[in-house]
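Two complexes, one shared chain (chain A), two partners (chain B, chain C).
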Partner chain A sequence: MHIVVLVKQVPDWDIPPSSFKVDEAAKKVVPPQGVAPVTSQFDAIAAEAAMRIKDADATTKVTIMSMGAATARDVIKQGLAMGADEGVLLTDAAFDDLDSYGAATVLSTAVKKLGDVDLVLTGRQAVDWDSGVTPTLIAGMLGAPVITFGKRVAVAGGTVTVERVLPDSLETVEASLPAVVSVSNELGEPRYPKLPQIMAAGKKQVTTWAAGDLGLDAGTLGQKLTLEALYVPVVDTKVEIMAGDTPEEQAMALAKRLQDAKLI
Partner chain B sequence: MANGVLILAELMDGKIAAVTQELVGAAQRLGAGPVSAMLLGSGVEGAASGVTGVEKTYVVDDAALAEYTTDGFTNAAAAVVALADPAIILLGQTNAGRDLGPALSFKLGTAVAMDTTSLEMKDGKLHTTRPAYGGNARAVNGFTSTPAIATVRPKSQDAAEGGSAGVVEKVAFDASGIRTKVVARNVAASEGVRLEDADTVVTGGRGLGGPEGFADIEALAKELGGAVGASRAVADLGWRPVGEQVGLTGKVVSPTLYIAVAVSGASQHMAGCSGSKNIVAINKDPDANIFKASRFGIVGDYKTVLPAFLAAVKKVRAEG
Partner chain C sequence: MDFQLSEEHNMMRASVKQMLSTYEHRKKEWREMTHRDHNFNYELWNEFANLGLFGCLVPEEYGGNNSGLLALTLAFEDICALGFSPSLMLVTCMDTACILKNGSEEMKRRIIPGVLSGKTILVFAVTEPNAGSNTFRIETVAKRNGDSYVMNGQKTFITGVEVADYMLVVARTTTRDEVVAKNLPKSHGLSLFLVDPKSKGMTKTPIPTVATEGVYQWQLFFDNVEIPAENLVGVEDQGVMAMFTSLNPERILVGGICCGMAEQAITMAVNYAKERRVFKDTPIGAYQGVQHPLAEAKIHLEASRLMTYRAAWAFDQNLNPGIVGNYANQAKLLAADTALEAVDASLETHGGIGFAEETGLAQLWNGARVLKTAPLNREMILNYVAEQDLGLPRSY
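Let's turn to the complex of A and B:
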């Protein structure tokens, strides 16, 4: 059993909205000073899903794969510290600013190059563009079925069984391997590596592939979805804070305001 | 030559879902040619006349579509697309749309823009605007491939009203390519007003400190005839069911009154409630982000403010 977990490095999302800045001319986010980029939240959870499968069957091999800048090695190392076996870093100027189709082309080509992959685990959506498109495109490119929004992923006898979280129902879906599964936060928190594991991760192998290693070039990765503009929306609401010396006075002031506005 | 807009119609409790008429409205306003709909499922043909304001409703009614599966719905939709040859396809950002949008994108070899909140035609081409970076940014996208596919956030568009039902055209599809199997489905029991439809929503956040904190939230929602919502932090902690989660990866609500108690107002939470007509916040932190989007607020501890507010609401309502 060989599982590939796709992890993306993204700007830290846990910053005050006021420090979120965009360079409108470059159509790019300006990372806040001194805040390091992180593993996309759901991707760390995908790594957790892989580790749980490995916990149940120690013969499972887990490869962490990321496409991005050279710094994406850091997010691969985190997956290795969680207990994964190997890493693959896909980095090349031709991979910058790809749309989902381009990203899926690079990632699926690399998965094919590994050759013996049974299961690809991803996050439900990357915590930058919030799209949730890449896993399904990768599945299409691999000719494999996809199951999205998993909260439990189990494999047995060549079948993957996934509990899908939907807002008002829980669905159990099966598919034959190889398959692609995206996971959601309901799966649970990713495990926290201890120091010896972090040390050990430093010794694990990370293979780096550029476009040429995958037989790709900028020409084969054209954009189907173009980015025309990126901006920060203006919110112009002005809040009226209720005055009052006691909670009762504040509460009564609010109730009256809501009644005047015919809201209650 | 590809022309017109094809929308995905969906059912809710056997009737055409509200989001469907929102998609029709958005499609009509684009002025990009005739608007048609596709309705996919099993035993759905009778509901097709519920889609109004469209020229045609394509129906794929097949037992193989009784449960949503990615392959089943993608292949059925592709069969309709082959006949309709639309320039633009719109789906709701719903359970089905979230999954089908990307799959249809692959099947048709064209791009999809997910979770869009506004759409317009520029030089004869679709441009979409969508929140990105957890709602902190807006991205405007264009398409170099056809048909252009977009999923549209529920409640972001005015629904089409009036108009008549389209001509129903039945379409067959090949059900042999379904590679996943739904082996079980547990539907969460729901009581009271449905969160998405409620005119008043009272949401509790992590600051409530535990599930017990929701007793007052429930009492207030009951008093106002509204529904209870939760932040993701609360759902993740297991204090409330996932079905109550409001936000980017939860439900989108746009009630007349949204009361957020001990919710910080993270952008990903606001993604699910910023369409509310009036937001009211109760939070002990005067700098909490939630106040930036609120019309009225109380800075204070919910433990004292909430019971007092419930009493005050009862009093002013009794006095009329």
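Let's turn to the complex of A and C:
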């Protein structure tokens, strides 16, 4: 069993909103100064899902793969410290600012290059752009089934069984391997690496592939989406105190106000 | 010159923070448990062990992770910055460093596994009523008697004896009179022993103190306490050098603790100053009278970090212990002063609410104040720097 976990390095989502800035002219997020980027929240949970499968079957091989700047090596190392076996960094100027389709093209090509992959695990969405379509695009490009929003992932006998989260319930589905599965936060908190694992991860090598190694170039990674504008929306907050001599009168006033605003 | 921390350091810090975040809701309960009731926090201790922090100074051949003193110092800083306490991890780790450097192979194999798993707690016993900063005046004696030593004397202000499995005790195996009579160096005659606090002949009396978290301070009396000879750490009569192998890490780790305390205090003050409004709708953080003390504390914190990290780095590089000691002492002094400065500025920013138990700031002030005096006071560090660094003559 060979599992590839796709992880993305994103700006730390835990920073105060006042530290989040965008360059509207360049249509880019300005990295917050002094705050190191981190592993996208759901991708760390995908690594946790892989490690649980490896806990159950120690022969499972887990590869952590990330596309991004050279600093994305850090999030690969984080996965290695959680217990993964190998790391692959996909970095090239041609990979900068790709949309979901472009990213899926690069990632699926790299997965194919690895050759013996049984299961691709991803987060349900990256917490920077929150598009949530890359896992499905990758599955399409690999010609593999995809199961999204996994809460529990288990593999046995060439099949992956996933308990997936629906808006008001859970459902359990199966797919034959190879497959792509995205996981959701309901799977649980990712484990934190212990110091012996962290030190061991420091000795594990991370393979780096550029566009040329994958037979790709900027021309084959054309954008499908056009970013028209990027800005921080202005949120206007107002406080209204509901009039009324009793709580009941205030509640009635609130209900009428919400109704007038067509909120209920 | 590279000021970047390594990938491993950053990952370790992330793990420490992630582990502690799961206990955020227990912080108030634990503060009361340790500060008010002096109960030891075994739950957090076991988490430290599970994370591998006790293995930072331990080579892999003994089951450690050998990530180094800088890694451990960063962990201490983060633990304190997040409002938790490393507690006896300081003394257990410094004792571990001493055993690894000076102990027999049999002792390392016997003691270190328990330390790594969190099952063995070590404390340090050097201070006596007549021997504080001047270790050479130690009067507790240990006389060889066949396969054991017999210890007599007393120690005071020994931390955490009630939970310790072993105390690393400094005692005389050659008396001062014998040293003088034989014209031996004054450093001669001290030896280190691992002593079980439950040994027959030991009397323990708690000393009521404030600012001791989760444990008590103790006065100890040794009345013909028998210690197996294999519990001698290092070479008989040559304990001074062995002792100093644990004192350098101690001071560096105190630097880390103080940096964390300062970070916590400044963060609390900044958050409060952004919200608190006294005049019109302006947060008090906009007033320079509030800003400047916090900004000064922040600058001193950055300086303290640099000095503390350099000292830890020097220890990890196996630089000459004298050089490491110089760095360690200077870092400890600045960091301890900074912690107190930062907590004081934070209290001033908070005003009356700063003294409410729920903020924890008053308790933090107690802790910071202790570290200005302990484990080595400012005056002795200044003496050391004046003599060792500046080459000035000694007056005492």
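One rule holds in what follows: the second predicted complex is superposed on the first by the 238 of 264 C-alpha atoms of A that agree within 3 Å, B and C clash if a C-alpha of one lies under 4 Å from a C-alpha of the other, contacts with A are read in each partner's own complex, and residues count from 1 in each chain.
The definition used in the following text is that a contact is a pair of C-beta atoms (placed from the backbone, for glycine too) under 8 Å apart; a residue touches a chain by one contact, two chains touch by 3 or more.
Predicted model, so just to flag it, every value in this text is computed and none were measured.
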Inset, instruction - Once the structures are superposed on A, label A:Ala201 by its partner contacts, choosing first (chain B), second (chain C), both or neither. - result: second
Inset, instruction - Would you sort A:Thr122 into first (chain B), second (chain C), both or neither based on which partner it touches? - result: neither
Legend entry - Touch count on chain A, higher of chain B and chain C: B
Legend entry - Partner chain in contact with A:Ala36 - chain B first, chain C second, else both or neither: second
Inset, instruction - Classify the contacts of A:Gln9 with the two partner chains as first (chain B alone), second (chain C alone), both, or neither. - result: neither
Inset, instruction - Would you sort A:Ala229 into first (chain B), second (chain C), both or neither based on which partner it touches? - result: first
Inset, instruction - Pick one for A:Lys77: touches chain B only (first), chain C only (second), both, or neither. - result: second
Inset, instruction - Report for A:Ser100: first if it touches chain B alone, second if chain C alone, otherwise both or neither. - result: first
Inset, instruction - With the two complexes superposed on chain A, say which partner A:Thr109 touches: chain B (first), chain C (second), both, or neither. - result: neither
Inset, instruction - Could you pull out which chain C residues touch chain A in their complex? - result: 6-8, 10-12, 14-15, 18-19, 22, 50-53, 55-56, 65-67, 71
Inset, instruction - Spell out the residues on chain A that touch chain B in their complex, using ranges where they run on. - result: 11, 13, 16-17, 20, 22, 29, 99-101, 124-125, 127-133, 135-137, 139-141, 145-149, 161, 165-176, 184-186, 222-233, 235, 237, 239-242, 246-248, 250-252, 254-259, 261, 263-264
Legend entry - Complex interface listing, chain A residues touching chain C: 36, 38, 73-74, 77-78, 81, 189, 192-196, 198-199, 201-202
Legend entry - Residue numbers on chain B that touch chain A, as the complex places them: 69-71, 95, 98-99, 101-103, 105-107, 110-115, 127, 131-134, 136-145, 179-188, 190, 200, 224, 232, 235-236, 242-243, 245, 248-251, 256-257, 267-268, 278-281, 286, 289, 291-301, 304-305, 308-309, 311-313, 315-317
